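Going by the order they are written in, the chains are A, B, C and D; count residues from 1 in each one.
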């Protein structure tokens, strides 16, 4: 190996390929955001006198051209470009000569990465919220339609008590709405402007961070310039925590669906066009898509602990290790959006087998009802419990009616009182909040690209 | 092994020990919360006519007695009790006979675990916030005192640019304040009343969840009773995500301190009474406490992924696997509180070696200043950069002054403009919000125990 | 907090409690091994002239006394002892005065921890192997008894093809036997003598590592003294990888048993004395013990990644972070041994419901047989597959016989050719190897304690 | 979304894209192995009479053609092919008509995936061993050259005792050689033939697994056909455990190098052509490549826990979740091989600064030597220790000589007795074993492709 080090091109390629890693591929998705960030930075440089108005205009034109080239698939990053940021600077320098050489005044590449990842995450977090709310709507619709369909409730994977398809479906809606709390908290952490940190220690020129914050539509400045650099990976892990919460939901939903659509349960049917066959067994229909949702939750959880591990022992200030937090983030957004799509498709096309659900009930599932019946007659619960434990054989027939049983649970949150209307209202409210936030984001991007 | 199964006591002990696991030990910390939850439940049972007012009074007296016994260390849970919940019910039954037998009406043990863990977490999350804010105050004080002390800024573990002790210390304050966003988001998720879910499918009696919600001081009802059960482990993992964020901060702070107090750097001195010696090397002083903070961050991160993995593939409804989410949560709170204490003690007693800091500066750290100096004279940045890259030897003397350099960075968030006042205001604001929330929580607990 | 630092006892306690962490509790299990290691070290010090023969005799007596005290529960480590090593040295010093002061010549506490953890792990790895082989025997017996009992084979949690209870049970035996390869590899890594590394850089006296290696029964010296220290956590993680493999097996076995003993499947019955009831539902019988095995697999997997994360970024040489690798190791051994016990108990008492197994077969499970039937008549497989896919209704009756079907699979490893005899032979062989290794280990320990 | 389900092509694409995931890209690396596996299977089908000798010859020709196309980059898998296995079968069917339709007789796609992943892993594990041994050689050469160069030994990131560059470098060699134990154990687990399991339950035809085992060069048959399917992900995780061990070594080595080449330490110089610059700071040289090695260790550790989590709760038999174990495996091999290359390049070009190493010694590092000096004069160690602790100021000058100090440690494994010759012999031995195994593997592949 030693000898070829004399060959500089080989050595450079060896190092560049190693350091680039997956960046070449990942950065292709980030061109748009670096253009936006660069326009804001250039606008600020104009304001503080480093770029003339004419220079700014040329740079903006050049950057918008890059955006156009990228849309047409003609702005391909390769290993000798290193990354999207150098590629864009190089492009501007070649096209605009001296002007391109000025754009990097007062910023570092890590500054750029930070602003690009924040903008990207912002847009993706808005998408995720939209898709979560769409899945909620699908589940609410499904739950409402099957609101009064009895279904065995399980504990320990054994039949336990009377439940309903509605209770089951809406449990996921509430869980997803709670996940929005986590997503919005991560969104807020992400919604602060890192630009201006330079290499984490500022620069001795008069950077106007208030201006770039306003131009880029961030909610606030991320103040301390060293914290800006140290927050790389940290905010990513906060986002991944929130995404992991959603994936845990989708995994549970998928696992339930796999079980409930099995030969033995048969409560639901997954439509055939969403099933996959076998290469050896004719006639087999498998829920592969749901199994993959389940498996991919592990991917996102692993990305989370990977990201946390990467940043855990790094000394303050930028370290190249941080580059490896980009892949987990971008891929997790991708996974989550596709999985939300897929589970939505399954829910919208799911068939309910009322007869199999009804037949699945057994008398033991009414043991609590029997015991509480005795409680109504004045027997202390623990005595009633023991009585049923020892003597239970045939609970009174009128107790054994599933439809009646799920109506008899009438207090808040039970099968007879699901709170459907509240959920619908909450979903609409969340959709409106989201819409406003999306408009705002779009507004600032549009203004920059005008 | 087969034969002794005839021996029922042995078999029972075998199973009980296995299922109890660490619960015997962990549950000892939860007695107080089960007492509180049980009083609320009993009050509600009185309101809906299942307990007479006299019965309620006796139960409350019995429960308050348990609290007293526990404080005196005389309410020890053992393996045949199984857990805190059965122990308490048994105690009441033995003491109050028929009345104790009524308290479990309309609730399941899993209901109880949920309410107990929520109340425990609520109190602990308030503690954590308090300790985080105390650490912030210590860091702000330290940062203010050393605001204008120059310190090399590092990237890639190499000297990079002029920085200050103030910038370094305050970077952690801002990071910790951001962590409060995550903690409060987890607090909000946790602040919903699970009681009344029974085994996850409700019961056919008229449980009043609105009442227990009010009595226990929860912000809202966790509506869907199946979601209540499914949220076990989920809310724990949201809390653990937030705790992990703080641990990541403490780990970075500790790692920085270990490095900066080393023989080679010598920027800071950790006071000797917080150091530890060697069994073989006389005179050695080691930063063991900081190394352990760093290591324990891994513990909390692992508990997070453990908890997520436990819940990932569980079918809807209670499964015993969920018991294993209790240990990670309780232990993480413990670890975090102790680590916050310890890092606070280090910061409050840290000594700054100004001369070693000053001597650590070298001329290369002023290369950017030199390049930007040329920019000021009209040279495009990239040309200035190349010029310094090729010709840099002795940057102008007046550029090489650390004190001057950190003052010359004057825009938002840099060494000359740290935003100290804003931070102080924000900390006070957070402390006031926290105080109000603590009073509110204490108020509802006090009312129940009155 | 500042003020009480004047109070030295409080400060010392604060630091000691923090640094001790769980060690006080964990170290109690390690007294025996430190006694053994210390006798070997003292014997060596005698040989190289640092201890007289009389001093050695006194030290051995003192150490054996400690062993006796420990067995009687009268050697309790507390927080001011710090750990088992200092406690033992202090005890010897107090009892034997000047002689106790000599025992630490040429070793460091980290040397001791290393040797203690190796000896402990050695004994535990032998236990684990024994328990794994016992579980194999139980599964082989169960599999043999139910060798020809047809059972549906599943893919994608859907009925797929004819299988047998024997094939299912023995699949776990082969997996566990493969795990022995991993365990023995970890055992071999662990079977090297660390003693003599001192603090990782040796000492300028004439330590005889060959002698302690022989005395302690290690297979070889771990040569490089810095590597000795750096291998802490590394060998632990190799052991944890192997333990995690076994836990993955037990988790899969438990999960299968939970599914197959459910109401819907009903293939197996878990004996009632191994089941647990519900606090609210009379008559409920739950497989809690299996759910906990499944959950605890996550614990061991998390301990593995925790241990790897702890060591990942540590600079060469001892760092206190390494202390935190002790808990995960000790607890994992504990968890695994108990889970092996419990799954063994379940398998030994498991009942097979032949009729439910038989009834679970459906005609579609014979689709491959039908297609291969056509292949036998010269139809290319893919054509036969398509034919069955399109036209399959009633495969020939004689094909639909489960008993016949599982006998018709006759090649190596299939239901008609399970290789039971080979497995039995392999288990006996492994048991003999293990027995010899155990004798050897016991021999060296006995000789030291003589 | 609902409406377009009427559009079958869109629905199919939606499902195919989702299920394919990364497979399209990953499978491109596996063409060769599927060709090999398919030739072995076809040869066996010929032997048992399902393929004529002419048909076999045509299939072999077709398969070898695919290999050629693949080498020329003309065998591109796309999303409608689903995966490499169907693509190859389709290709054969189109080219050879009826004959292609016969090749899938008696095997399933999961059978194929298993055999392909085993063959791929076998080759990669051999590569890894080769690269590990190359790195060992580089480290031995470096260690030998700097055998007697004194270097401070650190504990707790503080100067502790005299050490040498040789001791440091060779500590990694021994650690890597220990890793070979783990790799070979994983290799052995992987070296068993899965082919013939069909879908995990065998088929009613006379598959000859002994023949395919011999043809493919596997060491033994993996017997139980259900275990074959259940071992997917399990063997992957055993491999990943071994790879993680190596990455932990590389991460520690890289971290040490980053520290030792820093401004403050300055022990080593990383050659400039392996360093990377800064976009904002002229003259900066950063060890990015080493930082990335360190970060990528996290990736492999995460892939390990991801893989374990995926398989943990899967019921027996194939589940589609298992597909997600392919990416982590393939990518980890990739990462490890590149990181071995890179660290090798750094070691081969590393410069040692003897003067900075010498200047880094201080008198406190000789405190143990001083104490042991007193021990030589009859003072018990603990008294000597205390004496030095209290009175140490200027240890005798002749003790403070680093060169002398590292020579004075003469027992096994210390600076004066590194065991270099043994290491060299062991490396040669391992290289020879490896060479033989590589020849064997190549032999069986060549025979199949002849």
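Just so we're on the same page, a residue touches a chain if its C-beta (ideal position, glycine included) is under 8 Å from a C-beta of that chain, and two chains touch if they have at least 3 such contacts.
Keep in mind that this is a model prediction, so the values were computed, not measured.
Enquirer: From the options B-C, C-D or B-D, choose the one that repeats interface A-D, i.e. more than half of its residue-numbered contact pairs are shared.
Expert: That interface is repeated by B-C.
Enquirer: Of the chain pairs A-C and A-B, which one is connected by the greater count of C-beta contacts?
Expert: If we tally the contacting C-beta pairs, A-B comes out ahead.
Enquirer: Measuring from the mean C-alpha position of chain B to the mean C-alpha position of chain C, what distance in angstrom results?
Expert: Distance between chain centres: 32 Å.
Enquirer: Between chain A and chain C, tell me the centre distance in angstrom, where each centre is the average of that chain's C-alpha atoms.
Expert: 37
Enquirer: Compute the distance, rounded to whole Å, between the mean C-alpha positions of chain A and chain B.
Expert: Chain A and chain B have C-alpha centres separated by 24 Å.
Enquirer: Find every residue in chain B that makes contact with two or more other chains and list them.
Expert: Within chain B, the residues that touch at least two other chains are 104, 155-157, 160-161, 198-199, 203, 259, 278, 280-281, 286, 288, 291, 294, 298, 301-302, 305, 309, 312-313, 319-320, 368, 385.
Enquirer: Looking at the complex, which residues from chain D come into contact with chain A?
Expert: 1-2, 5, 8, 11-12, 14-15, 18-19, 21, 85-86, 104, 107-109, 198-199, 203, 273-274, 276, 278-281, 286, 288-289, 291-292, 294-296, 298-299, 301-303, 305-306, 309-310, 319-324, 338, 341-342, 344-345, 348-349
Enquirer: Using the touch definition from the top, list the residues of chain D that touch chain B in their complex.
Expert: Per the stated touch rule, the residues are 155-161, 258-259, 262-265, 278, 280-288, 291, 305, 309, 312-313, 360, 362, 364, 367-368, 371, 385-386, 388-389, 392.
Enquirer: In the complex formed with chain C, which residues of chain D make contact?
Expert: Contact set of chain D toward chain C: 50, 89, 93, 98-106, 153-157, 160-163, 167-168, 170-175, 178, 181-182, 184-185, 188-189, 196-210, 221-231, 234, 237-238, 241, 244-245, 248, 251-252, 255-256, 259, 294, 297-298, 301-302, 304-305, 308-309, 311-320, 368-369, 372, 375-376, 380-383, 385, 405, 408-415, 418-419, 422.
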